[in-house]
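Following: one structure in structure tokens, then a few remarks.
A, B, C and D label the chains in the order they appear, each numbered from 1.
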Amino acid sequence: MRYAWTEEQTLLRGALERLFAERFSFPDRSKQPNQYVAQAAWRELAQLGVLGLPFEEQFGGSEGGALDTALVMEALGRGLVPAPYIPSIVIGGGFLRYAGPSALKAELIPRLIAGDLHLALAFTEAQSRFNPANVATSAVRRGDRYILSGQKIVAYNAPIAGFLFVTARTGGAHTDLDGVSLFLVSVDAAGLEVRSYETADEYSAADIRLNGVEVAVGHLIGEEGKAIDLIERVLDEAIVAACAEAVGAMAALNARCVEHVRTRVAFGQTLSKFQALRHRIVDMHVAYEQAGALTLKAALSLSAAPAHRARIVSACKAQVCQEAAFVGKAAVQLHGAIGVTDELDVGRYFKRIMLFQHVFGGADYHLRRFLALSR
Amino acid sequence: MDIDTLELTAEETAFREKVRSFYAEHLTPPLRRAAELTSWTFAEFEYGRQWQKILYKAGWGAPHWPVEYGGAGFTPRQRLIWELETARARPPEVMRMGRDYAAPCIMRFGTDEQKQFFLPKIIAGEDWWAQGYSEPGAGSDLASLKLSAVSDGDEYLLNGSKIWTTFAQHANRIFMLARTANMEKKQQGITFLLVDMNSPGIEVRPIINIAGEHEFNEIFFTDVRVPKSRRLGQEHEGWAVARYLLLFEHGAGIARSAAELKRRAGWVREIASLEQDGCGGALLDDPDFSRKLGLLEIGVEAADFAADQVIIAAAAGSAPGFEAELLNIRCRELDQSLTELAMEAIGYYAAPDQREARFVEPRTDAIGPPHVLTPTPIFFAQRGATIAGGTPDIHRNNLARHLLD
Amino acid sequence: MRYAWTEEQTLLRGALERLFAERFSFPDRSKQPNQYVAQAAWRELAQLGVLGLPFEEQFGGSEGGALDTALVMEALGRGLVPAPYIPSIVIGGGFLRYAGPSALKAELIPRLIAGDLHLALAFTEAQSRFNPANVATSAVRRGDRYILSGQKIVAYNAPIAGFLFVTARTGGAHTDLDGVSLFLVSVDAAGLEVRSYETADEYSAADIRLNGVEVAVGHLIGEEGKAIDLIERVLDEAIVAACAEAVGAMAALNARCVEHVRTRVAFGQTLSKFQALRHRIVDMHVAYEQAGALTLKAALSLSAAPAHRARIVSACKAQVCQEAAFVGKAAVQLHGAIGVTDELDVGRYFKRIMLFQHVFGGADYHLRRFLALSR
Amino acid sequence: MDIDTLELTAEETAFREKVRSFYAEHLTPPLRRAAELTSWTFAEFEYGRQWQKILYKAGWGAPHWPVEYGGAGFTPRQRLIWELETARARPPEVMRMGRDYAAPCIMRFGTDEQKQFFLPKIIAGEDWWAQGYSEPGAGSDLASLKLSAVSDGDEYLLNGSKIWTTFAQHANRIFMLARTANMEKKQQGITFLLVDMNSPGIEVRPIINIAGEHEFNEIFFTDVRVPKSRRLGQEHEGWAVARYLLLFEHGAGIARSAAELKRRAGWVREIASLEQDGCGGALLDDPDFSRKLGLLEIGVEAADFAADQVIIAAAAGSAPGFEAELLNIRCRELDQSLTELAMEAIGYYAAPDQREARFVEPRTDAIGPPHVLTPTPIFFAQRGATIAGGTPDIHRNNLARHLLD
């Protein structure tokens, strides 16, 4: 991503790239289960201090900004490292930073920074598609507890999380903005069923059933029934992080393709002699530049007023989805048959890019959000 | 073309009913499921094999073959009805390299002995053939292949490797191209061989595809001995056999592509009717989604009619080469876009890696509702549709030569 | 267009192509005003019997079908001949054939066939966009007359027409399907103001003001308030004709481009040696084939049940718009600077193709119509 | 970049107010209309000339020139404010070949005499320059130009022709490339000349563009005599001057493109808010239309930010060549798509040929409401945006060389 990075940022970038290239590069790292790779990477990130980047100094963090997160995510994306930085640090950490009760912050953030704790967000339901206000899971207050009942799907990182942030409705109708609350639920809570699985993009996720799970009122995050603004804010940060990861993947794919067409021979010439392929490589770079520009623009907008922030973030997600899909498909196509196997990292980048499409809302969802905020 | 718009004679109606009741009776739930789970070209092998044996018993093991070899002797209209009904019934796709590719070449170039030996085993579902074309250094540029077959008395001695051989793990035979001489043009000096997969010196390495399935293989040949009686056509002139096969492959492809496209579009529409838009409506009614689906459905209508014209023109005797190849480009684009839309439709449920749940007898329970099981692997596997059988760039090169040179 | 044409059709096709190439080819014909060219072509078409193609034999017609019309339009499109076959014969003739009172038919059809009469349809209004049921023009019955008041825009061929078919509301609300009526109005009627102009695609059109124009009840076409089905039917026929014209223009552009890249030299080679251009030419031919296929399919559907017909015709218009725009833009681009001038026919074909986009409804309008009929 | 998001010092605010009041005062309705009616690159000539004289009088005739030649001596921040305010005010686009292209070359390569003679006339709006580059057989492949300049004592004798010279009918001078020798490489042997348009032997033929406007010309040179004192740079080495000019042209282009794109997107949105969807709503709320507009608006946001980065990097001293060219491809695509959407928005009213109504003082009444007057000619004329200054293919070739060779 083209930007006037500070010297510190440039150093961090270099350190991450070296780390990922040396320790987690493909195909070596594919000999180990993804979860093992993720854990090993997590330890390294903790040691580098990267897990503490966004947090306050009092908890051991370094109070970095949105650009630092983008930079880390770009490096993770470029290195194809399946580290769950978004669910644990960006989302889980974000909820704690913006709305966590002090006691919880003091308890959990140091564990997060040390790499000893994972977090996850369970907000999507079978009928909710991309609308975070579409919540059928209910939370009923009983004394000093809430009783949560309902089902969540595809909660990324839930299989290894210690706590889940769960959205539940404490009031309002099915898709009302008002009435959505956010709870911190221990994975050990009685009545919580977690069906874990790996995802095609080498992360882990789970479908979750809440059978009357009891949550202490102290684990209500933010105000009862008023969690949507908080959720939108944190999701917007997660979107920019995911886009940066996708931009990193695009950069890696472009580099692979340049290398491939320069070396692969067909019809007596290297592929790089064919004008159609040359032009495609150019278009892939155009796509990368545009995606990188919008991601940075969105990162810089995260501290702006909510409507402005949301408009630019949605523009970013809508565009990066398209650009990344274009680059991913083109890269697979350029590599031929080996591109549609699990033997080359190209196919794995492609899967990550394609599953990125719908995470936190697809291109259409964000196009409409952008348009609604453009009047 | 749509079976419901065909005006049928009484006789034709009777034939259609016969076909329909055959499918109704024999296409059991596991066989249907095998078809639905297919993400690349062929259904789970065991079910394809079962189905071929059922077809064979009914006398329809290879309806398009000449009657003398067991063909059904359909009239052109019957053939059309058969294909339209087959598209509607959707049996599992049988590993077709023997029946549809090797067999016509054996009929055309084979010795009597070869015909008598191979053809009955193919139609009966006893022999299963792999196709040994691509090599690690020769993909789109097939003619630059290097696997060597050195003449040694009555035998050839084979050394080298083949790659991307779909379902070779299930094949007991393989037809392949090997280099018997280095001549002036690279298309010369290639020989077409019919090889037993259990020959000593053959080793098969699985290649897991991007959808997590074992579709492809790399095959290593180390001092493999093949009797010269297993050569098809003349020595050094295997390229002619390969070209004959290719023509055949393309011709069959167009009708299948168009039918497949219609089915695929219907499948996407069904998924979208089962999914929600997040605001209380069906995804199918979402203006953005319906726009994308509608544009593709319109494309399918056009491709379907264009395919009919190519088929009709071919039936009238004109070679379908140029038009079929032109149409092919669009058909594949459309199909890939449809598979992408299916994956988009299922939203977050595109993510779970469900490879173990996607067998006819699943090895683990599936995540989510039934319709979310296949879109992701189908989308990923079908990226190969614009690689196998020539990339769009290669097809465009061919077509440009026809138009401009 | 690829089809098993009859021998007769093939002969007619050849005759038209020869005629247009000999008499109306570019740039010679551009030395004369468009209206003069249109008139000369009209006389030739009358002599060839082409103007009588769709009409009953009793009036001197030859009772041809939709494929014949498509064939004529394709030839007109290929020859870039600005003959108003659609407004006069397809639309005007269509209304007469399907709903014309016998006396009117006997009076007008022979004049049409002889080339002595032009017709036009005035149905679009400033606010109606592509919706034929959006009619603000009113018709009030007074004794044996209707009084028409309102304004119409861009009525193709109105400047040379003897009669206009005018839509007006006799009942119902602004966009109701019910309540739309169709009237035959003489251009000499009192209170009719016609502001004529040429169009960028070398036809003529007019904006029309109806200031209490009186129309005899005998000039009501079809049933009062029930004209929409008739209008949709005739417009569907016009759409297929317009698509065939566009397909003809695409064929001509493809031929020009093949010729151009084979002869034009740049960087020491003919353009036909550049792979990017070679592939573009292929894509232009793919577009042409697809557009031709759908146009034929739509022509064959014109005699089917209304819902089926409308579905296929809308599919056709939506697709041909896209394919034609692609070919038009690519052809201009391929020709370089000369392509963006009025000195070469390429630019004129392009203008015709681009204005074809919205005639009888744009691609989006027809996509939605197709989808509504696809349930 | 958006002026409202810039944090300005008190001094900068004062400067901005000065610029704003200048525009408020001098940008009269005819001048505004001249800007709005511009379909290709420059406003109707007479109004561009008026505007240049107004700018000159205010001391802003060529703000970016060095102060010694009359430049305004802006700081980089002032320059930025000036450009953003100019984009917002939208004065008529002045025929810029003299001020923006010829002048920098004269400053770099010219003799003192040439500088003193030409520069004051350019900034004052007295001299108007055409650009004589393309020839009938040399478009994208500019270096293959053939117009010959034969040395004859103190003069060159010119024979040949130039084509696509925008607004040459209004120019009294032309800078041009001529072949003075046939050398090994075609880029060698070219000489850069500064020629008076009233020289005997020059004939100008108008070329009407696709929008019906007189933008282009072909210029025939028959034994035209040009004093050698009118040569810019060395004989045979005009290509170096041309390349310098090109760099300059590209650099200026990026900032202008991004600003222009934002304006264009706003224009389309405004048109769509004035048009109806046919069912009682505004076209802007139609889901299909808003989808297309939204996708383009998002593209504009991306291009705008990317342009800022290129400009910032350039200000920091790095050559913007590669990134600017990359960005340029997307900017032009976006702009053409926006003009197409504007034409689509006005529906049937895209059809009337209104060339006579499109002068600042119209020669006939316009058809339809005011907003339908310009979308069609702008769409058609702007097809030239991907031809003039290099086609996307040419740019992709350049970029591919950078990336791959």
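We adopt the following convention: contacts are C-beta pairs under 8 Å (C-beta built on N, C-alpha and C of every residue); 3 or more make two chains touch, one makes a residue touch a chain.
The structure displayed is predicted, hence computed values, not measured ones.
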item	value
Farthest chain relative to chain B (centres taken as mean CA coordinates)	D
Between A-D and C-D, the pair with more C-beta contacts	C-D
Inter-chain centre distance, chain A versus chain C - centres from mean C-alpha coordinates, in Å	52
Centroid distance [mean C-alpha coordinates] between chain D and chain C, Å	38
Between chain A and chain D, centroid-to-centroid distance (C-alpha), Å	43
Between chain D and chain B, distance of the C-alpha-averaged centres to the nearest whole Å	54
Chain B, residues touching no fewer than two other chains	288, 291, 393, 396
Residues of chain C whose C-beta touches two or more other chains	274-276, 279, 367-368
Contact footprint of chain A on chain B as seen in their complex	134, 137, 139-141, 144, 163-164, 207-210, 212, 216, 275-280, 283, 286, 288-289, 343-344, 347-354, 367-369, 376, 379-381, 383-384, 386-388, 391, 393, 396
Of all residues in chain C, those that touch chain A in their complex	274-276, 279
Contact set on chain D toward chain B in their complex	287-288, 291
Touching residues (chain side chain A, partner chain B) in the complex	124, 126-131, 134, 153-154, 174-175, 195, 197-201, 205, 207, 265-268, 274, 276-277, 329, 332-333, 336-337, 339-343, 347, 350-351, 354-355, 357-359, 362, 364-365, 367-368
Interfacial residue positions of chain C with respect to chain B in the complex	2-4, 258, 261-262, 272, 275, 278-279, 281-283, 285-286, 289-291, 293-294, 296-297, 312, 315, 318-319, 367-368, 370-371, 374
